[in-house]
Every structure is written in structure tokens, then in C-alpha cells.
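After this come two complexes, each holding chain A, first together with chain B and then together with chain C.
What follows is the complex of A and B.
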């Protein structure tokens, strides 16, 4: 009896500590030992999408706004990075933050619509239209973007050290992803994060407490755009070619599904959603259509039976992890 | 030139009007925007195609089959997938309707692969020439079919008991439930009607355009643009918005640049929502505190 009680409290104490994060990190460092070039590419793609999902989740999960801004920021981040590297010959470590800043600016523009009282479906539709409009711009601004042919991105180079293999890119991306997750986690626990959550739960009540809701809505959109912009830059470096078709509605729906399947407003959920949805289609490439059907069925099943996403699934099996995987109200 | 562009704009716009009207019916009936609606249009077209080409049915029964099948599909989606998550946020509804669209698209792609399919022509209406304006046979069929459908729809809505039930639920779900209307069944029927109307649009499109699994997205966005332009949630606005959008596209394409045809819908959405979010016929929403 005594032993069991001790074990439980031990598990609770360990679950509450940071060790699951450390274990995941150590395992992540060892990943390249078990991959070939192709699987390593997929793992790198997963890291890109982890960053996308973390960023997108801030607006649709934490802030609770139906704003489909992610492909807009993703595309702008990717194109800015590529254009700065190709046309201005800047090194990637200047171009990538440049892409992130442009993503953040796109976020500010999107927040301007939300602040004008364009909400729920109106917001969804106007942000959808903005994203599609940007894709048209990529196609027709040929001098900068080389139109539908796409813009070839040179290999990233850090003072003579080239990131020319998937494994080198993996460690670069891992560092970026960890930095993004950690800083987002800090942000969400700060005054800003609490204000964002309060706005999601009741905007009017939040405003009546004297919190300047407008500022925090902008802050959420800016951070989301910045993070998704970084992901866009990573995507450009990984694929080596930026083309308009990478930023279409299908891509947007993919981003949306990662967040929904992982868990709205959950950081761990973003990571889980990105891993699940990026890795899963790789097993069903052979049959046309099957991939889409499975995607639809998976999303529907998660929505019906796990409306709080895969994160809540883990929490149910591992109670000590509950706090880490789910937001407090779930 | 101007009249020719306006005529082809109306022909194109009548399909947008139909799509926008069905989106609006579902939105007004259940407060949900169906993001999978474009794929339902696509599914309707493919059912008609399958019946005509594979089963050798004449066009009329094929069209009826598409309508019936999509009605059942819409009904089943509402009852089986939307109703259980009703208590959740709107984000969930959006994702669920997208998921339904993906399953439809995947099913069609699994059946037909990645080819683009032409369907044998069925409407053989000879073109009408008035002065220097040519009314193509397709335009006559489109406008005629959509106009007939709309007249029947609005007559039922405003002149029959069934229409009064619909209007009652549109106004207040709770009130309708209190006077004995089965709101649950009504929601299912609304989605069924939405699916059926998507099938009508698909069936009309099938013989005149090339069919491919991704054709729905275009119609979804244009349906949204028409709804926004006319006023979100207004039935008459959806129809007007669709026709105006069709004409805007053609005029922009004819007088400015054909490149603009593709983005006319996005520009309309952004302009309307920024300048006059209620559109032409929409009422200002009152926020109660």
C-alpha cells in the first residue's frame, strides 16, 4: 500500500518536472542515427511543421480566432528568405529573420481586420482570400519570384560552414524549433499569454477588467506571424525551391488540421499534430486519393472522439502529464 | 462588347448564385458555414457523370440520382458528424466540413485517378443571336435552370406552410422548438437541401466543363465572395451577389486584364469586408452585452 502511494506521488512529481522534455530532447538529438537520407528529410519537414503548428495555434487555439493566416505568413516568410538570399545575396542567418519579420507584418495586417470587428466566419473568409491573393502575387511578380517555375534557394552557409546535408539541416532546424517552442511557452505563461487566454474565454469580460484587448490581439497575431514566417524560411532552405503551389488552400488545410488533431491551444499538441500528419501520409503514397480519404477520416474521428486533440489522448493515459499536455481548463 | 460580357457574366454568375444560395441556406438554418460545399458540388457532378457514362443512364434520371444522393449525404453529415460536436467551437465545425470535403475528393480521386474528364454534351440548345450579342446554348440552359430553381425555392419559402416553418427556425430555434417544430430533423433536412442544391450546380456544370476532383475549391471561394457581396446570411443577397460577381469577373477580364478573372472573387471579399462588412442586403448585427 505504502509503496503504491509512494510510486504514485513519485510519478506525479516526475510528471510535473521538466524531465519528459529533457528525455524528448535527448532522443531528438539521437534521431539521425536511425535515418537514411529520405527519412531524415521527412524528419526535417516535421520540424518545419512543428514550428508552423506552434505559430498557427497561437491565433486559432490560444486566441480562439478563426483566422486562416498561416499560409500567408508561411509563404511570405519563405519568399522573403529566398528573395533576400537570391537577389540581395544575404546569408541565411540574416534572410531567415527577415522572413520572420515580414511574416509578423502580415500578422499585423490580419489583426487589423480582426480589430475592425470582422470575426468568426467573416475573418475566416477574408484571411482565406488574402492567402489566395498572395499566391496570385507570387505567380505574377515573376521578376522577383520567377512565377510558377519557382525560385531556387542556394545552400545555407554560416561563415563558410555549409548546411548541405539533411543531417546538418536537422540540427539547425532542431535548434530553431526548440527555441521557438521554449519562447512561445514562456510567452504563453507571461502576462501576455494570460491576457490572450482571457480574450479567448470572454473578450468583453477581459476588456472590462481594464485589459487592453486590442493590444493583446495584435501581439498574438504578430507572434504567430513571426513564428510561421520562421517556418517559411526553414521550408525554403529545406526544399531548396520556393514555388506558389506550396502555399495553396491544401497547405492551409494541412496547417489547420495539424492544430486541430494535435489539440487547440496546446503546445505539446502542436508538436504531436505536426508529427502525426506529416509522417502518416508517407505510408500511403502509392494510392491516389487514399491519402486524402484517410486524412479526412482521421480528422473527423479526432473531432468526434477527442475534441481536445491527441494531446488529451496522452493526458488520459498518463495522468501525471496532464498539466503538460493540456491547457488548464481541459 | 459590354453586353456580351454582361451576358456571359450572368451565365457564370448564376452558378455562383446557386452555390452562394445553398451556402446561405445552411448558414441560416444551422449557423454553420460548410467549408466542404465546393466538394459537394464536385461530388454532384461526378455522380451525374458516373450515371451517364458508366451506367448509360439518360441525363434526367442521372441528375435526379445525383440530387437524391447528395441530399442523403448532406443529411447524414449533419446528423452523424456535426450534431455530436454541436457544443464545441465554430472552429470544430469548419474543420469537420473540410474533412468531409477531403473524403469526397479522395473517393473521387481513388475512382478516377488524376485524369481530367470530359462528359458528352447533353444540352443541345442552339445559340441565340440578338444583334451582335451571342447567347450561347450553355448560357441559356444555365440561366434558365437556375432561374427556375430559384423561383420554385422562393415560392416555397414565402408562400407555403413549409416555408413558414423554415422562416420560423431561421428567426429563433428555441421559439420554433416551443411551437412544436422538430429542430433536429430540420437541421438534417437543411444540410440535405444544401447538398441537393450543390448537386444541382454540379449537374449543370458537368456537361459544360472538364471534371476533376479539385474543381470544388473555386466554387467555394466564389460562393463566399457572392455571399459576402450580397450580405452574409441574406438569401436574396446571395443571389444578387452571385450575379454581380459573375459580371464583375467578366468585365474585369474584358476591359482590364484576363489575369484578374482569377482574383476578382478575392478582391471582392477584401473590399466588401473592409469597406462595408454587411454587404448589400445584410443587416447590422446587434451585439447584446
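What follows is the complex of A and C.
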């Protein structure tokens, strides 16, 4: 009898919880059953971009600052991870957090410009320039980065267990992506996420509530840089080679498109945008020459009909897709 | 009634324009003081100086005996001075509940890592804040709109939400900048009652900038009249009603004072 009551309360809790999240997780665990080596690589790439979009969206969408820091943090995360593994022979589970921390530091530096009241167009152009400057650094610091040849990254190894196949990397990446999404969700649905959203909506009024706005602007840049830095490390492990051309303006436009198509300021949107924009071009491969055009058309169509992104489309009938900044039911 | 705010000889100058000239004003707990005056009299400037958004050119502002005129807005707010904004200071893209929770920010004591990992203590603090925000929404009679995105509310409801957010953390001094704009007469009466209750039961000191004469006469204990950046009178509503200078400067033009005219 006791067990029955427990089962019912468990069912009730699951029912009240974000069930699309649970369904997605279970399906995600089963994905390798239906892939070959190539499609599994694409799925892994999707996970990398889920992490990129989640991180980038914090600054672009939640804080509402036009700071194009993502390729900077992505590149720094990738290079730091690769350099620590190649030149310092550190294992990946030390090198990857190292990349994340360097990404966070890059985020702090970018936030310094936002804090000085340099906003919108100025912040955009400064961060774009910073990204291009970093590409110059990757090319010219060739003793560390091997310049335009790129730096080959060894296979990740966890105490003798090598992540040497796409399926093994998939489960590693899935764990990282879930941890990133969950912790970001925790942050967004707390006083920190609220303060960041409040600054976006009305910075003066935010300060009138005793909220130290500068502190939260920095926090948003730090967490964004940290997360995108993690994605950089994942990217280095997945591709096996880190090269400057991976972090150019085209890459930045791709990051921006993921966030816009998914939905500014929406965590679910980041995930949807990354899946859509990473997976769909694969279906266009059979139409060589049209790929870029179809990609552009897709982005334009979504933004024309759903300016708030794919997440807003689902949020209309699936409440868990709506971004909350509190926990009203707990 | 303890003395909360003491403003002495306050002047504010913007590039040659004198917004406030040697204004003195005191605010006590449990007292509603209206600040009235024609457009451009310096009312909003006065609020901006008190709350740290504008720097005074000279003069001093003390709160509970301490000088606050060089402090940034968030520190002044943390001392217990909260305000609303003339053009609406709501966070439009988040819900009513989330807006009020922002008002409880400084009272929701949990740190970055606790929130990041969703520790039990951090979650409990968040839950407590939600419960408190809901009881405030109940008290103000707007609990039914807690899940609505703030920008979708009517102007009147937005005002009420902003006031709810401002009083969430029990401020000792509340500055309301034209809270009755967009309110229907019954809603305005309700607002007067809320302000009266805040002052009477909780001992909040209230400074009220308002154009609705009706509301000022019903809602305030004392009235300060500004004109051209200077204080021209202070007194009880009845005294102000009969003050010649005030009538000339402020109420006098047009058809004169009538019950609920809006100057």
C-alpha cells in the first residue's frame, strides 16, 4: 500500500515536472541505436552547439547586450584545452575546465566594456574586433598554436578509458550538455536570472530595488564565457584539430543565428536553435551549391513568422517551453 | 513618528538650468507627504536626487541621520528607500510574480554556487520568496495576474504591480512618482487606501508626487508645493487649498480648483 502511494506521488511529480525534458532525455540516451558513425558525429556536433547557444544566449538574450563574444570564448576554450593537452600533457578532464575558465576570463574582459556604459553598437563592434584579434593571435602564436596548420588534439582519456569513438564521445558530451543546461536553468530561475532579465528590461529600475547591477552584468558575462569555453573544449575533442578558421565571422554568424532562431533569452530556445541549425544543413547536402542559400532562407523564414524564435512557437501549447525566472510550483 | 529624511538647501543644476534651488524637505515615518507643482517644478528631479540617480550641486540629504547624497542608487535602496518611476519602471518581459520577486532580491539570501547547483538551502530561500511575493500580490488584490507578462497588463494594473514590487522588502521610505496615472477613479481610491494603510499600519514614510488634486487632498497629511525649482509652501491640505501663492502658481490657472480636476 505504501508502495502504491509512493508510485502515485512519483507519477504526480513526474506529471507536474517538465515532462518534455524527461522524454527528450530518454530519447537522447537511445540515439546511438539509430546512427552510423557519420550521423553520430553530427549528433555530437549538435551537443557542442547546444552548449554554445546556451552560453551565448545568456549575454545576447537574457542580459540583452549585443556582445559578440561567442567565437572569442569558443576559440579560447578550444585552444586552451588543446594546448593544455598537447604542451602540458594534462588529461582532458583538467584541460577542458581550464578552457572553460579561460573562456570565463575572456567574458570578464568583454564585460568591462559593457560596464563602462559602452553599449549596443559600440559593444558590438568592440567584441567583433576582439574576436578577429584572437584569430590573429591563433595564427601568429604558432609555437603554441601551430598557426594556420592547426593543433592536433589527442584522444581524450579518463584513467585509461579512451573516448575514441563517436558513441563514447556522445555519452560524455551528453553528460556535459545536460549538466550545463541544468545548471543554467537553475541560475536563470533564481534571483540571479531575475536580476539579469531585470537589467535587460530596465536597468535604472533594477538598481532602485537594491540590486547591484554591475555585479550581475559581470556574472552574466562570466557564466556565458565559461559555458561557451566548455563548448570550445568539446569542439577540440570532437574535431581532433583546432585551427584559426574555425573561429571566424562565419562561425559567429552561425552562433548568432542559433540563438535568434531558437529564441532570445530562452534556454529551451537555445537547445532548439542548436539542433535545428546544426541538423538541417545536413539534409541540404544532397543539393550542392544551395546549402548556404537554404540555410539563409530558413533563418529568414523563422524570424519573419516567429520573431521570438522556435521556443515561442512551442511555448504556446507546452508550458515547459516558456522561460521562467522563478520556481512558482516548488 | 521618527525623522527619516532630512533635505537641507538642496540645489541641482543641469548645464545652466536650475532644476532645484535651495529646497529643504523632511519626511517622517508614518506620514504621507505630497509634493505638488506644475510641470517642470522639479518634482521628479527631487526624487532622482534622493534616490541617487542625479547628483546634487549643493546641499545635503540625510537618511536616518546619515549623509546619502553621494551614494549609488542600489545602496540608497538597500538603506530602505524605494521608489516607483513616472514612466513606469516595470520589467516588461517577465511576469508579475517575477517582477515582485525582483523587489525581494536583497531579501533572498542565497549565493551563486548554491543557486547554480540548486542546493536545498538555495531552493528553500527561493520558495520562501515566492510565498512572500504571492502574499503581497494577494494583499494588493492582483494575485490573479501573477503569471501574466507585465507589459500585457493595463496601465493601472502596471502601477499597482510597481508599487507592490517597491514595498516588497518593507522599505521605511517610499517615493511614488505619479502612481495614479492611468487609474480609474475607483482604482485611485483603492490606491489612496493602500498608501494610507502602509503609512498607518506599517509606519512607512511616503513621498508622493501626484497631479491628481483629488488624490493629494484625500491621501496626504502634508503637502509641499514646488514651483520653478523652489519650495513655495508647505502645509496641511486645507491650508494649501487656501494659500494665495499656491493658487496663483499652481491651482489658479484655468477654471480654478474643483473637486477632481487634474492640473
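Basically, the second predicted complex is superposed on the first by the 295 of 330 C-alpha atoms of A that agree within 3 Å, B and C clash if a C-alpha of one lies under 4 Å from a C-alpha of the other, contacts with A are read in each partner's own complex, and residues count from 1 in each chain.
In the analysis below, a residue touches a chain if its C-beta (ideal position, glycine included) is under 8 Å from a C-beta of that chain, and two chains touch if they have at least 3 such contacts.
What you see is a predicted model; the values in this text were computed from it and never measured.
Touch criterion met: A:213 reaches chain C, while chain B stays clear of it. Partner contacting the larger number of chain A residues, of chain B and chain C: B. Once the two complexes are laid over each other on the shared chain, residue contacts for A:204 go to chain B and to chain C alike.
In the superposed model, A:160 makes contact with neither chain B nor chain C. Legend: residue contacts after superposition of the two complexes on their common chain; A:183 is shown touching chain C, with no touch to chain B.
Looking at the shared chain after the overlay, A:128 reaches chain B, while chain C stays out of its contact range. When the two complexes are overlaid on their common chain A, residue A:191 makes contact with chain C while staying clear of chain B. Residue overlap on chain A between its contacts with chain B in one complex and with chain C in the other: 204.
For chain A in complex with chain B, the touching residues are 60, 64, 66, 113, 116-118, 120-122, 124-126, 128-130, 132-133, 136, 140, 204, 249, 253, 256-257, 260, 264, 287-297, 299-300, 303-304, 307. The part of chain A that touches chain C in the complex is made up of residues 182-183, 186-187, 189-192, 194-195, 197-198, 200-202, 204-213, 219, 265, 324-328, 330.
For chain B in complex with chain A, the residues that touch the partner chain are 27, 33, 81, 84-85, 88-92, 94-96, 98-103, 105-111, 113-114, 213, 217, 221, 224-225, 228, 232, 259, 262-263, 265-267, 269-270, 273-274, 277, 289. Within the complex formed with chain A, the chain C residues making contact are 51, 53, 72-75, 77-78, 82-83, 85, 89-95, 97-98, 101-103, 105-106, 108, 110, 112, 115-118, 122-123, 126-127, 129-130, 146-147, 165-166, 169.
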